[in-house]
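Chain naming follows the written order as A, B, C, D, E, F, G and H, and within any one chain the residues start at number 1.
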Amino acid sequence: MLLEKGSKFVFIGDSITDYERARPVGEGRGTDIGKSYVGIVDGMIAASDPSSRIRVINMGTSGNTVLDLKARWDTDVMDLHPDWLSIYIGINDVWRQFDTPLMTEKHVSPQLFEETYRSLIERTLPTLKGLILVTPHFLELNREDPMRKRMDEYGAIVKKLAKEYGAILVDTQAAFDQFLTYYHPGFINWDRIHPNTMGHCIIAKAFLKALEVE
Amino acid sequence: MLLEKGSKFVFIGDSITDYERARPVGEGRGTDIGKSYVGIVDGMIAASDPSSRIRVINMGTSGNTVLDLKARWDTDVMDLHPDWLSIYIGINDVWRQFDTPLMTEKHVSPQLFEETYRSLIERTLPTLKGLILVTPHFLELNREDPMRKRMDEYGAIVKKLAKEYGAILVDTQAAFDQFLTYYHPGFINWDRIHPNTMGHCIIAKAFLKALEVE
Amino acid sequence: MLLEKGSKFVFIGDSITDYERARPVGEGRGTDIGKSYVGIVDGMIAASDPSSRIRVINMGTSGNTVLDLKARWDTDVMDLHPDWLSIYIGINDVWRQFDTPLMTEKHVSPQLFEETYRSLIERTLPTLKGLILVTPHFLELNREDPMRKRMDEYGAIVKKLAKEYGAILVDTQAAFDQFLTYYHPGFINWDRIHPNTMGHCIIAKAFLKALEVE
Amino acid sequence: MLLEKGSKFVFIGDSITDYERARPVGEGRGTDIGKSYVGIVDGMIAASDPSSRIRVINMGTSGNTVLDLKARWDTDVMDLHPDWLSIYIGINDVWRQFDTPLMTEKHVSPQLFEETYRSLIERTLPTLKGLILVTPHFLELNREDPMRKRMDEYGAIVKKLAKEYGAILVDTQAAFDQFLTYYHPGFINWDRIHPNTMGHCIIAKAFLKALEVE
Amino acid sequence: MLLEKGSKFVFIGDSITDYERARPVGEGRGTDIGKSYVGIVDGMIAASDPSSRIRVINMGTSGNTVLDLKARWDTDVMDLHPDWLSIYIGINDVWRQFDTPLMTEKHVSPQLFEETYRSLIERTLPTLKGLILVTPHFLELNREDPMRKRMDEYGAIVKKLAKEYGAILVDTQAAFDQFLTYYHPGFINWDRIHPNTMGHCIIAKAFLKALEVE
Amino acid sequence: MLLEKGSKFVFIGDSITDYERARPVGEGRGTDIGKSYVGIVDGMIAASDPSSRIRVINMGTSGNTVLDLKARWDTDVMDLHPDWLSIYIGINDVWRQFDTPLMTEKHVSPQLFEETYRSLIERTLPTLKGLILVTPHFLELNREDPMRKRMDEYGAIVKKLAKEYGAILVDTQAAFDQFLTYYHPGFINWDRIHPNTMGHCIIAKAFLKALEVE
Amino acid sequence: MLLEKGSKFVFIGDSITDYERARPVGEGRGTDIGKSYVGIVDGMIAASDPSSRIRVINMGTSGNTVLDLKARWDTDVMDLHPDWLSIYIGINDVWRQFDTPLMTEKHVSPQLFEETYRSLIERTLPTLKGLILVTPHFLELNREDPMRKRMDEYGAIVKKLAKEYGAILVDTQAAFDQFLTYYHPGFINWDRIHPNTMGHCIIAKAFLKALEVE
Amino acid sequence: MLLEKGSKFVFIGDSITDYERARPVGEGRGTDIGKSYVGIVDGMIAASDPSSRIRVINMGTSGNTVLDLKARWDTDVMDLHPDWLSIYIGINDVWRQFDTPLMTEKHVSPQLFEETYRSLIERTLPTLKGLILVTPHFLELNREDPMRKRMDEYGAIVKKLAKEYGAILVDTQAAFDQFLTYYHPGFINWDRIHPNTMGHCIIAKAFLKALEVE
């Protein structure tokens, strides 16, 4: 496993990550870590190697775009002093362009997305032992669908940044795409965004593989 | 307007029709008629011609397939003695094939759909002054999407039956398709099925046109 | 249609307009726009001409008089920079004189109503492409009823102002009066003020006609 | 006071009488007697003459017409063996003709009203020491209003029956009419039917006067 | 009736007066006036003489002692500019001495009670047309019961103050005492303090008599 | 301690015993045994002598009179096969005579009380190792108070039966009387019937003493 | 993977399995499958090999012992015609002996446990393609703890039966024991029975390994 | 009894003490004192000697460690001016080391525990007539269990401090240990920390003995 024993591992993101985590910090007993892939990644790491003592913290917040991450980066990332950090953002940056197309002040352009994302990485990278970037996903196989097309554009930015900064990439879009050759997106969820338990397992599996967990 | 003054007009269907109507009969004061297109059709008819005194009853039930309609046809259609009847069914018959693909006992095949639908028409047509058949819809422009393709197959059955029995056809799929050339389906609803108020207006408008309301 | 493509259209008013709209701004997904005539006007415009891309915002607040509008005019109208504005106010200004006759500090006199209304128009008119004024209504055909008489007095002020400032008039009182020659007011609502879905359709139809929507 | 010491006094009627009484029998500690005029009549009799030991029971049921009274007359009147009985019915018999005009199966015609009312009196009168009949009311001074006109028709039947059977008449319509020369109906309630505390005091006062309570 | 037409009449007190009145001011439509004797007094005055246009306001607050009244006297009495004022206080001043005997800081001694009460009267009397003082009550006939004995002591202070300042006295203790010769206190309420509807009628009747309402 | 090791000990009674016990049988984990003196007796026996393994079951039911006990004696006592049984009944038999004096069908006369109580003892005594009878209580020191007087009458019956059948008597009235020489009844509860925790300790202490628990 | 493509896989058990599954059958959209290890096993199989189309059904019921399984075996196992079946039972059989030691009628002895378990296997085995037996667990490393000792006794029976009938054994006790050499049981849950997400991952991992899922 | 008549007795601690006490101060009518051993100690003292007039106040707060006590010591102890004080703390100081082992910032080391505890005693002792220190407990007989071992370490500190400052020691761990030779900890509670009523009786009994209550 890539993570050093005793590492503190923070996950930041939107509702995919959040899924009812505790406030203000998503860590503790019971379901404080939320019900998303974060808890499954945490549980599977501990089940694989309980000696690793990885401390996992869920800092996802539903509805967030990269701009929202920026606004809470100090308290929600820097103040926690993570060793490892996972960033899973971009879905709402794209989605608002399609579900509320006339409220243009809520849209985040690719330029603003990249620039803001980059600034977050640059602030944080020097303090980290490991950084994971996650592609935003849309459960739609048709790459000509306008929203899928747009999501791919943002995913390409994430991939570019991962390469540029030597971060580990977790390509959830690719993981879902493979799955969707066998099932219609509605098997995961009607809205093609929020995963059910099966969807969170698909994400978790992609993480575990990227982290080289047994 | 095609409806005769003083007609009793029953709408049967699934959640698109239902939308919180009163039980056991969707008629009465306040929001007893539900919040779907049925209330808008009712209201627009009365606003256009209050002298028409059309009595509108909403008998939609969420989650229904054509088999569920058959099971409640006696109490929910025949016993009400409608003059006019609208049937808006087929969405769940198709949807279950995609969102719970392994629960095959919940799927309604095109053959069973057509045969059951036909039997309902035949039982009822002699007692009616007017019959309206509505195509099931899926808010997806890509006709190669497997669920859209399947929905079109059931829509084609509805159109064939309308023609065969001389019923009025309300082609909601066509109405939505035109709209979707301007907006992504997420503007109506993330699940691409349940309309918001705008979606119900699109349906209502298609009804009003078919019924030749001013 | 009178509205220019891409216009931003704000509706301000009382509970007739509000009807459970989102706070602080009545715009967004789902039922954020509320359940009043505003959503039906919005939906019918989009159904008629989806290319128009009219952005509709509901800023009604239950219980408001013209004085309440004045108090929130900056944040709730000016800051939104509407192209078109609809003002539907006056009912509570009159109603309080009848349902709480002894609490005279809650009553708005015709003089104060006109003067305040006028000041709102004058502040806003120069920034608008279109202005709609709506008469307050009372669902009572007997023009000698004291509350109807009083409501007509305020309606006359609205008509005068519409003429004076070249605004479009939506005469909901007239629309309801025609309807009430066929039905008792209790068919709309026991309180003779708050419309049910049918009543909101009557209002919406009057708007659509005034706006020359197909 | 007309009531004999130790009498059992049952009030039957609709929501005006009911007002959250206990089920199945509106009698007991706390608010079991409901919050309507019945409790005030009970309380004022006891306050006037605590030695009278009148046992008061509220058997009102919201929404009832005279046909509903008939359906529950055995359990809700005869089985209680009242010495005195008050019948306050007719409002819903009329109201449904105006608020749901198309649901004609819910309307009770004057003929059916009188005939049913008469049968109830005839079944019960021989077992009673005293019978009180109450006119149904509508808080509208304009006697040409169609619903007021209709209510008066039913009120006239009640008065005729009171006279015919020697019952005590409580003319609540007359009591409210006098009050309404000073206040608009909205001061009692927007719906012009359900009294607030002030309205229940007006009714109670009419009862106390008719019963010759100090 | 002693009250001048158009008078504003404020009732201040504890839970006996309060009984779920609206906040911050107990006045308005529906049940804003609360469910206590205040509403019955208001209703019976209006029923007796609707031309009187008395404006009644309920400012009772549950749990209050005379010290609590003092703390809110500015906002809750002076700012309302009453013509008539009723003060019904003292029960909690006594009760706390018996139900929480060890929490002596919550007890109000007779000296402090009288001195505070007197200061409230002196501040307010010059601005009033009429002042009503009400004895605190305890529904216990045995005058040797320690709590009854103590309550009588506070009642005597109220009577003395009424005499001294020429206020109208409403002796609710006397009214209940007469009633209790016929019924056990448990018929009003188990706690011997909070009246049910019958108890509120006994209080209201005492007020109406003192105010010479027909 | 009088109880044999491993005894099953059932407590039957009214709300004093019940206090939110589990249904249908008041035994199990957590608060299944309820919050009354039963749990304290159970806990103090186990704390004194954990080797005793007494199995305690709470079968109290709020509002019960001796007639209600009779109606459920088979399922709630006999079927449980207790070794020891405690009967704590009579309060509601008396109370209803005072709080609902006119509903005479709810009153249980001393004769009926004794006769029913006796029949329950006679059915059960042969199957028991120990029987405890508890006097009904009323927290009122004045023995001339009509309800206290009446309660004493029923208490005397319980004492007589205890003597006659050789049962252990727990005289809760005597225990409370001693306490009330130091505190007003309101310190236990305003209604003078339902004990707070302190009151339940007084009852529990009387039980522990009678059972000769250390 | 051992499971054949298209297999139907039923999990039966107690609260460990159940965890808020849908009723009457734990299968469907959203969280119908519950929040236990069952969903993670299901999700991880699908994530590993979406072509397998395994249909997973959760039939756990909180609080069940092997006797409860027997009582619902017809409807909850046989009627579902599983290809594969997992049985995870025994915890409550043991636990009741420790948390309600005096309620002996709720205890299941090792003899009764084995005999009942065996009968269930024999009824079902002939109809299955695969059977999985799971040891009941107790998160306590001290093997001399009486409850751990007892749980091991029941675990030994499960192991013996697995061997005897050629079933696959999932030894969750062993999996947890290894984990507990690194963490105190309180890290999983205070009660040492119900797993948090981490605990469910430990169970799921043991299943995936036994089923030879990648 | 050691307590002087009329003493004020404050209990401070964690959830064992708190158990739903009133806020901000756990004193008053009904269940304001909470449902823990504090109410039983209070009730049993009053039942033993009602003339003692001991005033008991519950200031427990769930989840507290000794550091939390320190933070609220001014308002929650000093400002109340207790004559006697009981301190029951340490459980959470230890527990967090086992249930959230990675959140080390929440752990209180023995050194910090002792030092903080000592400072609280020194601030308060001069103002007290009596001080009671209570050992933190863990319901586990195996003294080699890591959490029991750790709890004993903190218990030893409490015992040392009690001796050093001449405080009365209530050794709840010893009381529970004796009980646990007869029953498994699960009979008190699954989590081995929070007592049920029986557990609170065990604690209360230890207090009553230490205070020499009859």
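Assume contacts are C-beta pairs under 8 Å (C-beta built on N, C-alpha and C of every residue); 3 or more make two chains touch, one makes a residue touch a chain.
Being a predicted model, the structure only gives us computed values, none of them experimental.
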{"item": "Chain-contact steps, minimal, separating chain F from chain C", "value": "2"}
{"item": "Superposing rotation of chain B relative to chain G, computed on C-alpha atoms, to nearest 5°", "value": "90"}
{"item": "Copy pair chain E, chain F: interface residue numbering same or different (half cut)", "value": "same"}
{"item": "Distance from the mean Cα position of chain H to that of chain C, given in whole angstrom", "value": "64"}
{"item": "Separation of chain A from chain D, taking each centre as the mean of its C-alpha atoms, in whole Å", "value": "67"}
{"item": "Length of the line joining the C-alpha centres of chain G and chain H, rounded to whole Å", "value": "40"}
{"item": "Averaged-CA centre spacing for the pair chain F and chain D, given as whole angstrom", "value": "45"}
{"item": "Interface hub residues of chain C, defined as touching at least two other chains", "value": "29, 53, 99-101, 183"}
{"item": "Which chain pairs touch, all of them", "value": "A-B, A-C, A-G, A-H, B-C, B-D, B-G, C-D, C-E, D-E, D-F, E-F, E-H, F-G, F-H, G-H"}
{"item": "Chain G-facing residues of chain B, complex", "value": "99-100, 102-103"}
{"item": "Chain H to chain F touching residues, read off their complex", "value": "29-31, 33, 35, 39-40, 42-44, 46-48, 50-51, 53, 175, 178-179, 181-183, 196-202, 204-205"}
{"item": "Complex contact set, residues of chain C against chain D", "value": "95, 98-101, 142, 144-147, 183-184, 186-187, 190-193"}
{"item": "Partner chain F, residues of chain D touching it in the complex", "value": "27-29, 53, 55"}
